[in-house]
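Structures are listed in the sections that come next.
Both of the next two complexes hold chain A, though its partner changes from chain B to chain C.
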Partner chain A sequence: MSDRLVIGGIELENRLFTGTGKFSRNTLIGDVIRESGSQVVTVAVRRIDFDSEQENVLLHIPKGCILMPNTSGARTAQEAVRIAKIAREAGCGNWIKIEVISDHKYLLPDNYETIKATEILAADGFVVLPYMSPDLMVAKHLKEAGAAAVMPLGAPIGSNRGLQTREMIRILIAEIDLPIIVDAGIGKPSEAAEAMEMGAAAVLVNTAIATAGDPVAMARAFSYAVKAGRTAYLAGPGAVKQFAEASSPLTGFLSQK
Partner chain B sequence: MGFYDVYSMYYDFDFESFFQSVEEDDVRRVLSRDHLTELDFLTLLSPAASEHLEVMAQKANRLTVQHFGKVVFLFTPLYLSDYCVNHCVYCSFNAGNSTVRSRLTMAELEQEAQKIAETELKHILILTGESRLHAPLTYIKDAVQVLKKYFTSVSIEIYPLDMEEYRELIDTGVDGLTIYQEVYEEQTYAALHPAGPKNNYHYRLDAPERGCRAGMRTVGVGALLGLGDWRREAFITGLHANYLQKKYWDTEISVSLPRVRPSNGKFQPKNPVTDAQFVQILLAVRLYLFRAGVTVSSRERETFRDNILPLGVTKMSAGVSTKVGGHTRENQGISQFEISDERSVSEMSAMLLARGYQPIYKDWQL
Partner chain C sequence: MQRKGARVVIVFVNGKEQILPGPMTVEEFLSFRGLEAALVVIEINLGIVKREQWAVHVIAENDRLEILRFVGGG
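Right after this comes the complex of A and B.
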């Protein structure tokens, strides 16, 4: 049975999305992406030097990957929209990961501005993947606004703290009829596996790979973890039991004759 | 309420007694915390903390890689004009120095811009002396328009402006503001800035906040280390950055740690800051303000700059000239201060890559 993730009409086999920031050199990026098996790669438009042949990060992304430019640095919906258009005009395709962050200390997303940007860009033909603080009502609004997927954070970006927001993400997975892609906070492969076991459609990992001692090996580890987690989800793990069920001390009397 | 109100709370603070009371356990306790209070920060600037630089460095390194990655942002300064009406005792542009002054014409600026753009840097910082006659706002705006053809980010380090004027510059394409208080201690400030508009301590102190309110994306503050008591100056600098970060959370706040350098006026700092003291300041700032950018300029020596890379530095200048027309003119003006690291952009990049850091030439475009 094929297990494909469909976003913006495109079928994806691989459910590990990767990023291109924070690497000690851009030349690592190609190997990392190949080793991760990732088909979707996010790049901050602010970092792309469209004029340069040497410094252009896009040159390091393997052919065939779907580029998901992000609006990192945008403080308002209006700035996010402008950045998205710069990316599209420069030939980066029509996928856009919206990041609207007006808090420079914790880098937490501004959900309100994110909804506004999603609405404008979806109407303009973009495949919009908004990064957000997990919140059910916001996710519903994002869906109505035309989002192609929803990308809740697991923990503050770059914090490597794992799925601190797991209960909220669980609700989004249960209630929102869109792919839920856990973005930010995943620090270890085991946490990526956990997100996939919960039913996340995919995970996006950047810092944990880029700042690892051996980023290429870490990319491979995440690739295994995402596949393991997805396989476990599809296999339908047995229910977690808090108590043994061998006897029925409280209701056993019902079957007594 | 402005930053002066925060500063005033420490006006009568007995720094000496506080420092004497700090013990090793206090330093350890602070180092185990994720979020530091003002007094935790001061604890890290204490003599007791100077015995724990390695532990501080390990933590600072982890935090920096976590928040910024293994990257260093590069930029270069461009001097537009060295006319100045101020009398800053430590500066070569001091109005009292009889020297030939000049400013770039727009044609000369275009040449400078082209020359710098060949390095592929996309971030430029423009500087002028303070002279509203020779480098008025209209001149700066014209310069920004020229530079925006070559650079995706233009920042200013010029005389302090009103909020409306900052707004005009933002509309022209400026996105960053750097303005150092030079020295926060008021009596020292008055003594070192005896005449000229810079004598107005409060107008300068509030300039970063006016920049934030006007909508600058990035605002940098700093004290010129060596002018005043370094522990106190570093402390107030950190408080200033924290004040701005808390109040203007959509502005990227950064801190610079410039050490005073010899200048044409032969100024010798009264309170020179040693390398170890500099490192202590850098580490304390990083641990207190984990998300703030930290800039280290070419005032610092090559080897020292290389060595402090992993300790919390996020931004460095490269290919630096502190003279008007320093990139193209044959007859260049005077240097604002003597630089210690003359490496070109490509030399800095090679050094960064060799040390496991990616040089970033472009980090903004709109």
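Right after this comes the complex of A and C.
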């Protein structure tokens, strides 16, 4: 059965997106991405550091992956637009993850600036995937602004706290006619599976894999979880009930007269 | 790179003042700094200098250069 996720006109088979930050060494990244099966991989844009040896993370990303640079470091829509254009100029395609953050404690996104950046970049031909605090009206505005998907956070970035915002995400999945990709906060494969069972189109995982004891094995675990969750969603979970309902027939007992 | 009689050019690279031995193009600057061209993006005074312009775009006094690359990120 074909179950493709279409974003920006591209058909994706794999619904686990992987981030490349925080790995203890960049040489892990290739194996992690291969093991995860990810087709979409995030990177960041930074100044070259002349004092340390320059290495480009792109060298570790398997060919054929779609690169999704983020606009991390941007505090305003204008800064996000600047970073997006730099990333595109670098020849990494036209996908962009909008990330506009000015709160340093929780790293929560500025939804207002995110909408503005989405509008500008979508009009400029980018495939825009905005990272956002889950809110129905904001998601509607992002859709109107031309977002290709909406990426609500499950919990603060890097916190590994799971789907703390599940009820809000559930509303976005029900109401927004765009792929909903849970980004940030997912700490364990079971949480990724839960997001997928709820009907999320994909999940984006970085910290949970990068900071695992064995990142390559954890990438594999996430891959299984995302597939299991998606399969369960498509299978259609049975109803939740308050009281017991026997699984075995309630007739024909041996003791019956 | 250094041309006879040329004056030094003071620029700002990634926020830090830097003295170039003389006028040079972006392409010359990259080789002067030993940077691999394939891996970087150049912005001068907030405008991207397209790769095809690198051989002809001459860096001017007080230009603010940003030399950028991709790093791991989520």
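Rule of thumb we're sticking to: the second predicted complex is superposed on the first by the 235 of 257 C-alpha atoms of A that agree within 3 Å, B and C clash if a C-alpha of one lies under 4 Å from a C-alpha of the other, contacts with A are read in each partner's own complex, and residues count from 1 in each chain.
In this section, contacts are C-beta pairs under 8 Å (C-beta built on N, C-alpha and C of every residue); 3 or more make two chains touch, one makes a residue touch a chain.
Bear in mind the structure is a predicted one, so any value in this text is a computation, not a measurement.
By the document's definition of touching, neither partner reaches A:Ser223: not chain B, not chain C. Of the two partner chains placed around the shared chain by superposition, chain C is the only one that A:Thr20 touches, whereas chain B remains out of contact. Look at A:Ile29: by the touch rule set out above, it reaches chain C but stays clear of chain B. In the overlay built on the shared chain, the residue A:Asn160 is in contact with chain B alone; chain C does not reach it.
Contacts of A:Ser38 after superposition on the shared chain: neither chain B nor chain C is touched. When the two complexes are overlaid on their common chain A, residue A:Ile86 makes contact with chain B and with chain C alike.
When the two complexes are overlaid on their common chain A, residue A:Arg75 makes contact with chain B while staying clear of chain C. Of the two partner chains placed by the overlay, only chain C lies in contact with A:Leu204; chain B stays clear of it. When the two structures are aligned on the shared chain, A:Lys105 is found in touch with chain B, with no touch to chain C. Touched by chain B in one complex and by chain C in the other are residues 21-23, 26, 45-48, 54, 82, 86, 158, 207 of chain A.
Residue ranges on chain A touching chain C, taken from their complex, read 19-23, 26, 29, 42-48, 50, 54, 56-58, 69-70, 72, 82, 85-87, 89-90, 92, 157-158, 184, 204, 206-207. Touching chain A in their complex are the following residues of chain C: 13-15, 33, 35-36, 39-41, 43, 46, 48, 50-51, 66-74.
Per the touch definition, chain B reaches chain A in the complex via residues 65-71, 120, 122, 217, 245, 249-253, 291, 353, 356-358, 360-366.
Partner chain B is touched in their complex by these residues of chain A: 21-26, 45-49, 51-52, 54-55, 73, 75, 79, 82-83, 86, 102-107, 158-160, 207, 210-211.
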